[in-house]
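What follows is one structure encoded as structure tokens, with my remarks underneath.
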Amino acid sequence: MSIPINDYVTLASVIFFIGVIGVIVRRNPLIMLMSVELMFNAANLLLIAYARLWLHNVGHIFAFIVITVAAAEAAIGLAIVVTTFRPEKYVDVDDIRTLHG
Amino acid sequence: MTLSFTNADWNAILPVEIVAAAGLAVLLADLFSGRNNWRYVSIVIGLMGVVAAGIAAGRQFGHEYDAFFGGFMTGGFATVFEEIVLIGTAGSLLLYSTIGPSPRVAGTVAIMLWSACGAMLMAGAANLIAIFLGLELLSLGLYALCAAVDRKTARESALKYLILSSTATAFLLFGAALLFGATGSVMLSDFNNPSLASSPLFWMGAGMFLIGLVFKLSLVPFHTWTPDVFEGAPLPVTAFMSVVTKTGALAVFARFTYDALPPGVAAKLLLPVWIVAAISMIVGNVGMLAQVDLKRLLAYSGIAQIGYIVVALAGGTPLGLRYAIYYLTAYAFMNLGAFAVAASISGSDEDGSRLSSYRGLARRRPWLAAAMTIFLLALSGLPPTAGFLGKILILAVTLANGYIWLAAALIVGTAISLYAYAKVIRAMYAPEEGPHGDDLRPFVPLAWASAALCAAVVIAMTFYPLTPSNVLPLVR
Amino acid sequence: MGDVGVTHHVLGVAGSYPMLLALWLLPLAGAVICWAFGPQLRAMAGWLVSALVGASFVLAVLSWRDGTQSAAGAAGANQPLFSWMPGFDFGLLLDPLSLLWTFIITGVGFLIVFYSIGYMQGDRAFARFFAYMSFFVFAMLTLVLSDNFVGLLVGWGLVGLASYFLIGFWFERPSAVAAARKAFVINVVGDVGVMLAIFVIIVHVHSIGFGDTFAAAGTLSAAVVLTICVALFIGAAAKSAQVPLHTWLADAMEGPTPVSALIHAATMVTAGVYLIARCAPLWNASHEAQLVVGTIGGLTALLGAILGTAQWDIKRILAYSTMSQIGYMIMGVGVGAYEAGVAQFFTHAFFKAQLFLGAGLVIHALSDEQDIRRMGGLWKKMPFAFWVMLTGVLSISGVPGFSGFFSKDEVIYGALQHGHPWLDAIGIVTAGITAYYMFRLLFVAFLGEYRGEAPVHVGGAGSWIMNVPVAILVVPSVAIGGALLFGGDASPWAHFFAPLFAAQAHLAAAQTPAPAISENFTSVIVVIVVAIGFAIAWQRYATATAQRDAVDRLRTESEKMPAVLTNLFYFDAAIDVIFIRPSQALGRFFGQVLDPRVLDGAVREIVVTAGWLGTLVRSLQTGLLRAYALILVFGAACFIAYYAIAGAAH
Amino acid sequence: MIAFWVLAAILIASAVWTIAAKKPVYSVVALLLNFATLAVLYVTLSAEFLAVIQIIVYSGAILVLFVFVIALLGSGVAPFPTGPNRLPKIWLPAGIFTLAAFGFLIYAVSTVKMAAAPATGAVGNADVFGSVADFGKALFTVQLLPFEATGLVLMVAVIGVITLGGEQMSDAEAQQSRMRADRAVREAILREGKG
Amino acid sequence: MPLVLVSILLPIVAGALLVTLPRGDRVLSRAIGTVVAAITFGTVLAAGTGDWSVRWLSRPFESAFHFGATPISYWIALLLALCTACAVAACRVERTRDFVALLLALEGTMLGLFLARDLLVFALFWDLMLVPVFFALIGWGEHPATAWRYFIYNFAGGLTLLLATAAFGVIYGSTDVIGRGGAALAGGWAPWIYAGFAFAFLVKTPVWPLHTWMPPTYSGLPSPMVSVVSGVQSKAGLYGFLVIATALLPAYVHQYATPLMVLGGISLIYGAVVALVQNDAKRIVAYSSLSHLGLIVIAIASANPLALDGALVYIVAHGLFSAALFLLLGYVEEREGTRGLPRLGGLGWMNPRLGGALCIAVLAALGLPGLAGFAGELLILIGVYQAGYVWPVIVALVAIVLASAYMLRLYQDIMNGPQREDLPIRADLTWLEGLAVAPLLAALLLIGVFPKPLLVNAAITSAQSGTLP
């Protein structure tokens, strides 16, 4: 284990941060979803890195389940995006603002 | 460590299994119903499943058992929260009787039941994986449920909920990963380790984990989704969300607070939560003031109400948990009742949730108006309702724990909220003729029964405060 | 409960006195019956009340023996009623003092009530009038018969109420309504004074009974006694129209004339005299109190007399004369000459009632005309009334031989005797002025030519009803003074009051040096001064010259009347400026500015602010997903910051 | 060591590209790159099975889904049409501030010595760690409950998508009119709310 | 079932059942309401010292549904039952059925308040009793803002009461303490608890400067309701002071005496001065209530046995005469369509019975000797003076003079003066209307002459000493 665990944490944090930026900056729902995937993956990286550190495969199981859930979530998320934006002129979350106040 | 499971393990999650199976049964029954839209069949099957699960869960009460190697703890604490989840589910299912014939009912009922499974999983979950899974199961179902109606606002609410909730879940997940990193374990019970108190990693992990939870509890500033989603989602789903999601999140939060903290750090570690709870009590109630839509109003109200409940846990005393559970139960009934009334007077297009359609309700639907009044009184903490008793108990325990500023915030928030709730009451009882809708919905037996039952319970709970007295020992 | 060894001093011989109870309650019964069954009774109401008040009088006469008995130093009869708690016992007391008052109240009261049957004939609210009258008699009896301060206060308040009702009897007249309210409010000031006295008494004596209080009078500190006396005197001053609380009395003449005769001349306004005489032990214990009360009494006598010279309304002249005469009484009882003061009350009751009733005859005959400038020459048209008025004027002016002479003389000499020569001087001067304005009244109204427009109705079917009581009153007003008062300390009067006042009064008198001049010499001076007053009045109004151009002269006199007199020494204006206007202005400020704008406004601002915050929360909820996400991330950043710092610090 | 830094650089670059790309398809491609790199990283962390799963599930399934959806909603190569930027100007500095603070925090978090060495030592067996057998054994024994629950999650996803998709566009006319009515009602409410 | 419980539940249940009657049935609902209220009066009368208790919450926050009359609450409960019966009998508003139901509900909740022996039950009924009034203001009030004023002020008070109750329960461990010796609390949070109670009670009473909800409420409510609200509900705060603030936190009575007296004194004068110039008849009575109740606050602050007894007498007296005044002014308004004094006048000729009744009520209000108001006033002032507070007594005496001025103005401007031609002068009181007010007036006279049964503290003390305490 030559690479310090801190480096993994930093890397995961940076990716997570990029995902956060994606969510709040982009107006395209698909890219927002992708950003969320990035965040999930950052967590996964962390889990696996720590699993290596602790030599404990529960981190792997956790990551495995995260991947599965992410898949399910992507499926539903994309379905929602489709149903939401098919009737719309723009594919732009800013345009979806009937509900407010 | 034996690596095999006994029947006891499967029995421990029997309520979850029953509810999941009921969801399948609903779908199967729908296959046979063809296109006849037997919405009552779906509802009844779902209800039967819920009731059976409730009985099954009830029988577990007092028989503590750590199923699946500590992954799911049942018997006390979990049972209580499971029952509340089931109550919320049943109340929400009943409301499907008010939406018109729709081919989607079976699917939505099934998904709602599975979502309830997620919440029940959260109630019993004792490790991070189970918590995460329960949360996701609950959320995924809700994303679908929100959008499962042909209405633009519903789809909008689904989208908003999807993006925001996923982001928050990502925070939770990242926090869970950090917690795993700090402890080398995903078991909550392993977190109760004095050496962790000085681990910055643990603090950071707990912080990010709590962000996800607080988002689900919709405390300010993680509340922004709540009003929009509550308003846009179909009424039964809103009711479900207002009760079940919060119950699940609260169960995890309570378990985390009571069970998964190194000794001596609770006050400092959870301080941000108390702060956001205090802010929620104020902002939630203030937010109600300018609302013109009942669902939205109840969303803001829910933000504040959860604040009250969370406040009861400040100090981490057994009494606090007990009173929190009492108030949560009361909250479930009053919210479900309010939504039942709302559903009873609004059609599937849900114009009925506009406050203006409540004008003069007392003359057109006196019983519904009376029931609604009881729920609003309960939400505002006025007697003779459980809201009153719950609030005073929470005040008492908060003061006893020395969180005077939280008690003060609670009082100020309540004072503000009174006005907002009373506005609805006034609209219903004011004598002036409003532009009352001619599209008054006919008598809907199930929803009316639900409202009546909730009203009765809300009042009865004042005089017979049914709280399990020994929950805390069962948390661990 | 039980006897715990505290002895209560009770005035009078305690026992059961059914006659006393009956004479007290009969008028109340009359009032209740007339009130409840007025429409059914109609004219019978007058007869009923007359009969009941008359019966009361008879019972009072029959109670003479009870009232004058004495045993073990206790004079009179005491009838216990009920008790709120030990020390808070109520009862009736009939002793010489209250007996005297009872006689006047029921006796003169009977005559006046009887007179009213004629006077009030045809009034819309005939029965109501008699209900009020009867109620008044009851209230006045309560006042004088009570054996404790609270009972006295009850009577004190109730007579004020009866007076209010009767002043405002013709309540469609705004002036009567205003006068009634004024009288009541000023009387409440008096009630409040008595209450204050009661508080001090209770704190120091732990009882409300006269007996306990008087027994303790000697042991109380001078300051306490003075406080009690001054407080009581506020009550007395309001009730008895003493300066500066006198302004209501003249206005009170808005009531029917029999009311003025009974309440505002004979009985109620002398309650102050009764109170001071009753509390003689207290006054005896405080020289300062005597000084204060005597001075104010003298001042009132003088002021009332001066104001009397400037009035044209026959009843107002009589009202100011009443004020002046009560001033005498108060001066008398104030300085310690209790017998004299009470004697003045006694004779005054007769002659003033007679004067008012006589004036009532005139007013009745002239269709409610009261201005003496529009009278004149009435002696020819109404000889009976003239003779009545003449004897009354002679008596009040203190012409020797008439009742008023004896009593007034005693008061004036009493002031001297108790060491207040300047009060003596005031008394003498006032006597002269009194003679002047009373004869002025007589001359202007009855001599010369008739100057009015209204036709004069005399006689009529029921006129005997009015004439008989007046005629009866003439007798005591002329003769009773000579009969009872002549003879100084040896008189029947002195003998009658010996058990009450003698010891203390003489004790007090013994402390001051004997006056340089004798009583007879004083009388001579008084007679001379009275003669001068009479002469001036004669000169101005009765000579042939004066009669000839009476109309012009009276007009000129009216026009040239000094403003200070027409404005009644500016007392009303001062009260208006000092009390009424500021409180009204304050009330308007509080009610229209402070309440809605400031106090309620503050709360409204809070509510508005809350509403504004609600809109703020609403406006933050933009509906934009990215904004929500940003808020979420912001919250998360705050959380993480906290945990990073706290975790590192821990 | 060098491999780690290279992979990290690729990871970060591809992540940035994902959120920065104008055309959504490029984002997908960048994400694919990111996931693949991650899988390589997993291998270096002795999580071979997960690396495979990562490739199969993420790259194979999820991203394909994304591509389908992109195709469904737009041309794919062109940027999606966007409406006017409705976010008030005030949000821009607020956002920058928040992100800056957040970024700084991430930096602070990762530099602070928070990754303490395992206090109790490694809990697992280094010999079998990361092997598929070990993984599978755990999955079907200790972690059976999550595994079962995952099945339910997938079920929800399937039924959810079906429910969402079912008869979505069956009656476009009715849909349109309902939308109009909806908007009218909403505007009426808002007017009322302001009044 | 014990009578105490019956008297609380009977009106509430009857009110709830009344709503099931046909909507338009005015006479029947009024008759039923009157009978129920009368029976309730009987049960309260008979309940006496009955005591009933059942466990509600267990330790550590112990509380019980504990009901029973204390010597103080017995009289107030009787007053309430009497006022309600009279108010229901006099009830003539639109939607009578609902209104009568609300009145009965109000009675039941307030009986619960006065008969509660548990602090938490007290707090429960405290909030509950505000609800029917709020509904009445919504349905029958003159202006929507009135309902909000009432609501905001009183529920704010209710919240501090709740907070104080919670704190008390936490510290003492039990809230089953009303009328029970040895439950006194001191130190620590106790002054804050006292302040919390006091705020709630002062708002309800009300006392300057928390009174601004009161004039619009009293003038805006239909008179039967306001006669109960002003007559009895406003006494809830004073009752609370007597049995809670003073009894449970005696250590702070002296500490807070001066501020309380200052507030009471200001109310006393303020109310009187404002009443002097008001033109709305009901507002005059409202402001006079401010003044009168200020006096009771002074009495309570003095904590002297005579003053406390006087406070009870005056509580009952004020209840009776303000109920009577509001009912009678309601009659006037009903007949003439206005209650503005400048528009009224000269009614006395055509309405002697109304005038007479109003006169008695007014006289009781201005403290005429022989009526109940006087007895209370006198005892209070004696007690306060005895306790060594001279300036409040002087202030009160001034206020008594002012009271005579504004009360007479009220009476005279309505009844006296020339008959107005622009007024639809209507017939005198009917027998029924008269009967609705008569018990109140009779009670005023009775208590005025013989208040002894109400003198619970001082009579005992003085019986022991043989003189006034």
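Going by the order they are written in, the chains are A, B, C, D and E; count residues from 1 in each one.
Keep in mind that, in the parts below, a contact is a pair of C-beta atoms (placed from the backbone, for glycine too) under 8 Å apart; a residue touches a chain by one contact, two chains touch by 3 or more.
Predicted model only: the values in this text are computed from it and were never measured.
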Chains touching both subunit D and subunit E: B, C
Comparison of B-E and A-C (more C-beta pairs in contact): B-E
Distance from the mean Cα position of subunit D to that of subunit C, given in whole angstrom: 98
Whole-Å gap separating subunit A and subunit E, where each centre is the average of the chain's CA atoms: 65
Inter-chain centre distance, subunit C versus subunit E - centres from mean C-alpha coordinates, in Å: 36
Gap in Å, rounded to a whole number, between the CA centres of subunit B and subunit A: 26
Interface hub residues of subunit D, defined as touching at least two other chains: 86-87, 95, 99, 102, 109, 112-115, 118, 123, 142-143, 146, 150, 153, 156-157, 160-161, 164, 168, 175, 179, 182, 186, 190, 193
Residues of subunit B whose C-beta touches two or more other chains: 129, 133, 136, 140, 143-144, 147, 152-153, 159-160, 163, 167, 171, 181, 184-185, 199-201, 204, 227-228, 290-291, 419
Junction residues of subunit E, two or more chains touched: 148, 152
Residues on subunit C engaged by subunit B in the complex (per definition of touch): 607, 610-611, 613-618, 621, 623, 625, 627-629, 631-636, 638-640, 642-644, 646-648, 650
Residue ranges of subunit B in contact with subunit D within the complex: 1, 3-5, 13, 20, 27, 67-69, 71-72, 103-104, 107-108, 110-111, 114-115, 117-118, 121, 129-130, 133-134, 136-137, 140-141, 143-145, 147-148, 150-153, 181-182, 184-185, 195, 199-201, 204, 290-293, 349, 351, 354, 356
Complex interface listing, subunit A residues touching subunit D: 2-7, 9-11, 13-22, 24-28, 30-31, 33-35, 37-38, 41, 44-45, 48-49, 51-58, 60-61, 63-65, 67-76, 78-83, 85-87, 89-92, 94-95, 97-98, 101
Of subunit A, residues touching subunit C in the complex: 20, 23-25, 27, 32, 93-94, 96-101
Residues of subunit D defined as touching subunit C within the complex: 86-88, 91, 94-95, 98-99, 101-102, 105, 108-109, 112, 114
